[in-house]
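First the structure, then my questions, so here it is.
Chain nomenclature is as follows: A, B, C and D, assigned in order of appearance, with residue numbering initiated at 1 for each chain independently.
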Amino acid sequence: MIAAATPAHVDLVVAAAEAGKAVFCEKPMALTIAEADLAITAAETAGVPLQVGFNRRFAPDFVAAHDAVAGGTIGTPHQLRSITRDPGLANPAGVPPWTIFLLTLIHDFDLLLWMNPGTRPVEVHAVADALVAPEFKDAGLLDTAVVVITFDNGAIATAEASFSAAYGYDVRGEVFGSAGMVTAGGGARSSMVHATSSGRHVETVRGDVELFLDAYTAEFIELADAVREKRAPAVRGEDARRALVIALACIESVKRGAPVSTSEMEPG
Amino acid sequence: MIAAATPAHVDLVVAAAEAGKAVFCEKPMALTIAEADLAITAAETAGVPLQVGFNRRFAPDFVAAHDAVAGGTIGTPHQLRSITRDPGLANPAGVPPWTIFLLTLIHDFDLLLWMNPGTRPVEVHAVADALVAPEFKDAGLLDTAVVVITFDNGAIATAEASFSAAYGYDVRGEVFGSAGMVTAGGGARSSMVHATSSGRHVETVRGDVELFLDAYTAEFIELADAVREKRAPAVRGEDARRALVIALACIESVKRGAPVSTSEMEPG
Amino acid sequence: MIAAATPAHVDLVVAAAEAGKAVFCEKPMALTIAEADLAITAAETAGVPLQVGFNRRFAPDFVAAHDAVAGGTIGTPHQLRSITRDPGLANPAGVPPWTIFLLTLIHDFDLLLWMNPGTRPVEVHAVADALVAPEFKDAGLLDTAVVVITFDNGAIATAEASFSAAYGYDVRGEVFGSAGMVTAGGGARSSMVHATSSGRHVETVRGDVELFLDAYTAEFIELADAVREKRAPAVRGEDARRALVIALACIESVKRGAPVSTSEMEPG
Amino acid sequence: MIAAATPAHVDLVVAAAEAGKAVFCEKPMALTIAEADLAITAAETAGVPLQVGFNRRFAPDFVAAHDAVAGGTIGTPHQLRSITRDPGLANPAGVPPWTIFLLTLIHDFDLLLWMNPGTRPVEVHAVADALVAPEFKDAGLLDTAVVVITFDNGAIATAEASFSAAYGYDVRGEVFGSAGMVTAGGGARSSMVHATSSGRHVETVRGDVELFLDAYTAEFIELADAVREKRAPAVRGEDARRALVIALACIESVKRGAPVSTSEMEPG
């Protein structure tokens, strides 16, 4: 179970794999394609499962949305959306540059890939700024980002992130297709509604543990099941690599102020 | 168009009918069965339409609920519920005794009869109190009531009213049956939701005109159509009489502290 | 942990208490007041905690609703509602008479008592019928019931149950008071919504384990905490007795076809 | 009242203005900046009001959202979203190229400008494809588009359109800011919900008249009020021009496959 700081991930994955252990690695598994490949190869060579912590794939509402898409409910995906708005930025000074793409939106990239199965992202255009904490912009902190991803089946996806949602922890997804739409997320703390002289009110989820407790539990169960059943887990090193390609394309897109082809991210 | 004070209704209906006019009468059309029969007979004799102002039958959400029930979506009704909570009590001193049954819940009684078509109410049990303005209880003001109505098809309905909802004007209905349930109402002012540090918020409807503007318009259109098409309107004097039977049974039930058979309300 | 058939509960509670064990007993703890008192006395004498399985008190949405009421959000309760609609009736022939009051609505009675703290139920009026499975009515099966409970603070509560909701497991509560309203429950399986050519759809919860998994877990945690902290648990034998008084009054009310005073249920 | 085919708009606006008439012109008022300026100048010279048919500004839910934003509820806007998904494409062969930007998303561009007051759009990046009717792509029909607009206050907006939503007419907006979020739209036909063995269902709006009847009425009332009160209407020729700049930048962005500065759209 690798939940160390990001730069330590790959070495730990390799060491664990070489020790013959099944590996669970928090996202992002790696920060470069070369490192991602190293981790994937190490697990393959050792013949151990390598699962990555894309917990949204185990949240009941996103699972239901995915199953509806996979079951054909919405036809062919045309437009997708994934949002991550964190409840706040505790320590802006401690946030490494490009965190919004590499650590935050990496979840959304994986979700979009999962929700649009059998396709490849072709082009990525990212816009980002420091709107929450502009005083840290010069230090490289980008706290607000919007990304447009074009897929080879024509589907167009947007991913949005903010490091500070006043109303709590906002994680949502939407897939719109030729036969309909699914949405998931919303952030209500429970079904409780109270109505007073100022209207109707719903309490909102404030933290990731509250929002994803079931998902965190389910992803560990998945690894245990994969080990017991001697099969690959549902979310693998390759998935981390695919999401990383998009994150790296975002960084390049912001630098250039232009769309970037995902193929450019692949090592020569 | 008769929208005078309730005690004047029947005389005005009779006069209008005798003058050959199509008649729209606000609810309650009459306060006694004898008077209701007088009005109905006058309209019949004159051959004019007599429509009663049960506006909920023309509200789009209640129409949709009714159509779903009539279309068999929920199977046979087993349990029904209708609620009226008014936004406040401007002048408790001016409210005649039994208003909550004769003027307020009369809407709910009509709705329940409409939503459970082809049946007859058999027994009525009402409980009422002065909880909003207890200081007016001795003067006969009951501002809170719950009514249970048993129908001859076994369905059991509840009707609830309060003269003071802090959050606005709350009118809702529910029909539960062998194959499902419909609900209508809710009181959101629009689809707008705002989320702030205190959670998610929806503005609520504050007055009857805001809630029922479309219904008020549609019921007048119905009368115009009925006149033009030389047919009876959708809500007639007989409907006013049927709802009145339940209201009178409620009054008797509160007096006795016991359930009352609707047949007792019919003139000997 | 006593989850045996209901008639065995009290003997097991007494035996466990005499053995010095902390006791968790599924609802209903007892079927008569005398037996309830026996169980309560046994636990008191032995100095052991006696917790009863009213799981709704531990469901997050009902806890949030209760906290809002207890915190004064809705002012003084005026009208309350609690609903239990089970997803189906597997074996009507095996259901003992009065189950709907003693085993099903007992949850709702406890909830209503909990949501209207510091009050006593004064009068109970129950109406019940066999609408789901009328062929079992002669055998004493009542599968549909509506109960009105009047409290000594004037509040009027309704409790409704059906043994067969086509759309799943429907457990809801509502408390309306001088300053507002809270509602809880709803039965959506997750936040996932899908929209197709036939409109917008939400999947509904189908079973009690799915709906109440968190509550079942939390009530056991409560007992463990109570034992560790050497204190009484949140839901006790006395609570089972209070809910039982209402259930017994319902049975008497159905037999008489009239409201029944709760004081009549107390042993001479 | 100018509701002719788009190419006829400007000549009609000019003729009406020269005749001294108050002018209402359907969107888009013009297809080029030069023509937009012609219309604006004609109205100014004649001293007549010139209102443009951006009806969303008069829809109750969008008005409520706008008022919440204008009232500071959500702080400074950081991310905005506007969606238009039409219920279907009756005659793809008859749709002129760039319609999705010039006639459809023009509504969204106006909405985004209105929701982010006091700012200017700086850069526009558009991606579009023919996913609904790919057989018409060669003829220039783009039926699916996603646009990212960067504003001079740093806010990043997305606008999305599709010519074919299976579930009806889907118009939504979202403004997320430093202190919260507002959302508007949703497409429920009424508050009616029905639940059956296949879950819970809400009927969805199918056409623009159903969705925007109140807005269409309100925009005509606005013009009448503006004339009576001798003031400019709420939505003017200048607003049409501002939205057009974004639409033209979208066309250029699709052609180039790159972001386009709005300043490039201004005539030399």
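We adopt the following convention: a contact is a pair of C-beta atoms (placed from the backbone, for glycine too) under 8 Å apart; a residue touches a chain by one contact, two chains touch by 3 or more.
These figures come from a predicted structure and were not determined experimentally.
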Shared interface partners, meaning chains that touch subunit B and subunit C: A, D
From subunit A, the most remote chain by mean C-alpha position: B
Pair sharing more residue contacts (C-beta pairs) when C-D is set against A-D: A-D
Centroid distance [mean C-alpha coordinates] between subunit D and subunit C, Å: 52
Subunit A and subunit C, separation of their C-alpha mean positions in angstrom: 42
Distance between chain centroids, defined by C-alpha means - subunit A, subunit D (Å): 32
Residues of subunit A touching at least two other chains: 74, 166-167, 179-181, 188-189, 195-197, 203
Complex contacts: residues of subunit A adjacent to subunit D: 74-76, 78-79, 85, 125, 127, 129, 131-132, 134, 144-146, 148, 150, 154-156, 158, 160, 162, 164-167, 170, 176, 178-181, 257-259
Subunit D residues within the subunit C interface of the complex: 166-168, 187-189, 195-204
Footprint of subunit C on subunit A - complex, ascending: 60-62, 64-65, 68, 73-74, 179-186, 188-197, 203
